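Here chain A shows up in two complexes: once beside chain B, once beside chain C.
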Partner chain A sequence: MPKCTIDGKEVEFKAGENLIAVAKKVGIDIPVFCYHPGLSVVAQCRMCLVEVEKMPKLQTACSTPATDGMVVKTQSAAVKSARESTMEFLLVNHPLDCPICDKSGECDLQDNSFSHGKSTFRSHEERRTYVDVDMGPVIEKSMNRCIHCTRCIRFGDEIAGIREMVAIQRGNNTDITTIDGLPLQTEYAGNYSDICPTGSLTLKDFRFKKRAWFLKKVPSVCTGCSRGCNTELQYENTTVHRTVPRFNADVNQYWMCDEGRFLFRDTQSKDRVVEPRLGAVPATWDQAVESARQIIATAKSVVVGLGSDLSLEELALGQTFAEELKKAGVAVTLGSLTGAVITTEQDQPLDALLRRADKTGNLKGAENLGLKPISEQQSAKAEVLIAVTGGRVRVPASNGRTVAIGVFRAQDTEKFSVTLPLAAFTEKDGTYVNFQGKAQKARRAVVPAGKSKMLGEVVMVLKNVQIAEKVGA
Partner chain B sequence: MSTSVAPQESVLSPKFYEAMKALEPQYPRKTALILPALHQAQSEFGWLPKEALEAVAQYIGVHPAQIREVASFYTMFNLKPVGKTHLKICTNVACVLRGADDLVSFCEKKLGIACGETTPDGKFTLSEEECLGACGTAPAMMANDDYIENLDIPKLNDFLERSQHER
Partner chain C sequence: MSAEVQTLFIQHFGKDSNRTLSYYQSQQSGYVAAKTVVTTMTPDQVIEEVKKSNLRGRGGAGFPTGMKWSFIPKGGDKPKYLVCNADESEPGTFKDRDLIRYTPHGLIEGMIIGAYAIGCKHAYIYIRGEYTREARLLNEAIQEAKSAGFLGEKIFGTDFSLNITVHRGAGAYICGEETGLLNSLEGKRGEPRVKPPFPAISGAFGCPTAVNNVESLASIPHIIRLGGEAYSKLGAVEKSGGTRIISLSGQVKRPGLYEIQAGSKTLRQIIYDLGGGMKKEKKLKAVIPGGSSAPVLTADEIDVIYDIEPLMKIGTMMGSAAIMVVSESVDLPKLLWRITKFYAHESCGQCTPCREGCHWMESILHRICHGQGREDDLDTLTSLAGNIGGKTLCALGDAAAGPVASFIKKFRPEFEAKITPVVRGQKRYA
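Up next is the complex of A and B:
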């Protein structure tokens, strides 16, 4: 392998790797703004200038591929002074309103200014100002903070496949915008906020909600479709505040769609049922479990439907539960409940990027466990339907009674005899198999909302009652 | 007329589409035709209304925002209607050193408009221009497509008087 030297450290690299990536291998961070590993390289912000021996001028590390024997300095006096100048220039129009900016605490501009800028400033010129622009349901733009890195433009053009963000006018008047500030059209708008190195493109849903440094983070997996984008849930105490994509080269790269990004909101909506119910009427766990047990105990046959939106662990648990019912002498039909897409063969990509037709997170996993979709007929004719769901699949209509264990909205529960509320995807650990067959782990961020429980606990209380009865008898 | 590919609903004339068809073979990609297409479209209206930009975008096959981006970058494209005579006074270094600022304020006073505005009678639009490439004959301005060089206030005044009375 070819080798180069960065700040005195020898590094091996693959042909074509740029100096930023190569430096990272030996723990050297070169500051950047316009460069993003998921986008094309334009080398226009000049923040990444480094000294390369035998080259007359400083070079932009983002656009300079390492070559064998190259000697690079990232800490020389010339580099430091270039960084100071670049920072000073980029801040010429910046309002420095960090105290009221959502990006504060996770802002490249702030971090680089702190590490590489000077604390004094020579400009006395008036700064250009713009009013904030509402760019549709996802993004609000504060153009005052923009440094014209064009990451957003390139994201739209190269990744989202729509060049809706452009640079209007030029020079000091450059405005990064859609035509007349029209709403963004892409289904991937949230990524604009992730990649913006300043607080210019902010997520409306997150605006003024939480300072970034208060957020705790756990790795998760989106259960919004069969893609299974790798994500990070960011939360504090019992509230999830934001979902951001987590890099996975094979699944979602650096990106995620808006539907997936805001999925956590459903789990925190007022509409979610977080206490047991009998019909539409709230009940205690004791009452509801007793009622569910009665329904199951008096049935000759039950249909057990396990949602393809549940984790592998939950599906396996559901299977065990069904087996035990069988052993107890009940005629059990076991299968899966799915979304509109009922087999992985029917699952199609919805666009050229990530989104897929199957809007549940674990259909492949359910199939791997041998679960076949429950047909309309089977559920309609069921004497008792036990439906276990994660909130994404549809519970089919049944002429018999339905014991629903899952994540539901209030209007869903009216037709159920008993509803037992289950932890949502943000509230439990679990494994989901995406359409590629990758088993991916999601970690729990917050405790189950209200009185909802983990499936393991629900199964246990259901069984405990039975055991207690037997012991007592 | 058989070469015309004008879509029925386009605001641009068949002439536009013919001109483009003739140019297409000279350019490597269709996006390279954005500038000539914008010039051609502007020649039809004197400026570039939104509908014309959209028609150009449709012809090139890109998002209208990309056309707006290009059209707004170059000062020779007018995104607002302009007067009969469009004055573009260079205010770059050489011209300013030779008094271009005074020429601009003279025009503003005489025409009663600020830079970027059009007189109510629609006769004049006044703009500042970056370098016209006429530094050797500074100060310079363009009046529509004509260069007027070695300007001073009497010469400018004469020109405005003459244009004022032209019909």
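Up next is the complex of A and C:
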């Protein structure tokens, strides 16, 4: 393998790798603004200038591929002064409104200014200001903070597949905006905020909710569709405040769609049922479990439907429960409940990037466990339907009685005999199998909302009573 | 003009009738050079001849044209392009305009030879948007050449075909930078690209491209006609061949275009002999020797041979050979402010130092010129120029930084005189 030397450290690299990536291997961080590993290289912020031996000028590390025997210095006096000057130029027209800026605490401009900038300021000129346009429901634009890195333009063009962000005017007046000032059209608008190195593009949903440094972070997996984007849930106490994508080269790279990004909002909506119910009437766990037990105990046959939005662990638990019911002498039909897409064969990509037709997170996992979809007839004819869901699948109508265990909205519960609330995906650990067959682990961020419980706990309660009854009888 | 000076272009300037094909055939090369090349020479021989001629790019950078063509890869399945850079927009330069006006066929013939040398089938002339009349004249000349069989399919009965398209710019200085030009030609924003890859490898539409100045291309027929060596010997200094058309402007008695054998005269000779000396016998204060981006020279520095290397040695550049003569009556801070304002206005806004720095320098100079200067301004300006120069994506940053650094270094007292010390309690900004 070819080798080069960065700050005296020898490092091996693959042909074509740029100096930023190579330096990272030996723990050397080269500050960047316009460079993003998922986007094309434009070398226009000039922050990553480094000294390369035998080259007269400083070189941008992002656009310079490493070559064998190259000697690079990232800490020389010339490099340091170039970084200082770039930082100074960037801040000349930046409002420095960090105390009221949402990006503060996770801002590239702030971080790089702290590590590479000067603490003095020489400009006496008036700052440049802009009038902002409305960017639609996802993104709030504050152009005054923009440093013209054009990451957003390149993201739209190269990744989201829609050229909607553009630069208009030129030079000092360059305005980064949407074509004709229209709201953003893409389903991936949230990424604009993720990649923005300043507080210029922020999420309307997250704005002014929580300072970045209060957030705790936990790795998770999006269950919004069969893609299974790797995400990070950011939360404080019992509230999830934001979902951001986590890099996974095989699944979602650096990106995620808006639907997945705001999925956590459903789990915190006022509409979610977080206490047991009998019909539409709230009840205590004792009453509800007693009622469910009655329904199951008196039934000759039950249909157990396990949602394809449940984790593998929950599905396995559901299967065991069904087995035990069978052993107890109940005629059990076991199958899966799905969304609009019933089998993985029907699961098609919705666009060229990430989104897929199956809007549940674990259809492949359910199929792997041998669960077949429950048909309309099966559910309609069921004497008792036990539906276990994670909140994404459709609970089919049944002429018999329905024991619903899962995440539901208030209006859903009216048709159920008993509703037992389950923890949502932000509230539990679990493994999900995406459309590629990758089993991915999601970690729990917050405690189950209200009186909702983990499936294990619910099954335990039901089972013990149930089994006791049957055995005793 | 004295008899012993051999000129190639200038004798044909000034008369509208000189631009016709019949005049070109009777008085100039008349596509004989192109015919010789296409029918008897191989592309490599052409490039070799141009290399021998020591023709250096006339657009400003002075890169040897033959060398540039030799970088275009031979063969390959991608088409190759020859692009003529007629986006003449460096303040003070006006030579290409007259070349197009009076010898458009010289340019077309040069392009035929160049296209043959690099294997191009479709060439472009990117002409600045303001040159509406010149664009029309070029199109007329191309039509003329086409009907005479010098352009189009199977030129001179060989397999070689060439079409030329004239593309008008929209009035941006940055589109004179070759990669900015290519972006604009492709219909994109006129922003320079990251180099490498250089246009010779990936230029117009991602294909190998040679971008050459009008004067460079118009010189090619003469190189073929005279032979590379003879053309090279026209130049009086080593490394520079042929003649240079100089755009002389400013406060001289006879401003205009002059053609000299490269390196045959000093700056003083050009100003006083060719230009007839200073207007109204005023004292010479400064000379901008190569378009407004060239670092300024003082009146004492003009005994320098006017060519690329000698000027580079004294810290300035020949650029597009546009000399601007500045007399004692000119307010230098104001002149510098105007120059800097041009570059701040023309910065494409892509890279940080140029976008922010040029405007910042312009604001400071504006303040200085309007009685709001501060004592630390000059040091700030010098340091800003240093921070911009050499750190930008393209050469526009250097173009903006050069004048600022040199004006302040060489004429600091004039700037200091504009800055009044701060009086306590005085309102600084009006």
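Structural remarks
One rule holds for everything that comes next: the second predicted complex is superposed on the first by the 461 of 473 C-alpha atoms of A that agree within 3 Å, B and C clash if a C-alpha of one lies under 4 Å from a C-alpha of the other, contacts with A are read in each partner's own complex, and residues count from 1 in each chain.
The rule is short, and it goes like this: a residue touches a chain if its C-beta (ideal position, glycine included) is under 8 Å from a C-beta of that chain, and two chains touch if they have at least 3 such contacts.
This structure is a prediction, so every number in the text was calculated from the model and none was measured.
By the touch criterion defined above, A:Lys54 lies against neither chain B nor chain C after alignment on the C-alpha atoms of chain A.
By the touch criterion stated above, A:Ile179 is placed in contact with chain B alone, chain C being left untouched.
In the overlay built on the shared chain, the residue A:Lys327 is in contact with neither chain B nor chain C. Of the two partners chain B and chain C, more chain A residues are in touch with C. Applying the stated contact rule after C-alpha superposition, one finds that A:Lys270 touches neither chain B nor chain C. In the superposed pair of complexes, A:Gln169 makes contact with chain B and with chain C alike.
Where the contact sets of chain A with chain B and with chain C meet, they give residues 167, 169-170. Only residues 172, 174, 189, 194, 344-353, 355-360, 363-364, 367, 374, 376, 380, 387, 390-393 of chain C touch chain A when the two sit together in their complex. Those residues of chain A whose C-beta lies close enough to touch chain C in the complex are 41-47, 49, 57-58, 60, 63, 81-82, 85-86, 88-90, 92-93, 122-126, 128, 147-148, 150, 167, 169-174.
Interface residues of chain B, counted against chain A in their complex, comprise 62-66, 68-69, 72-73. Only residues 162-170, 178-179 of chain A touch chain B when the two sit together in their complex.
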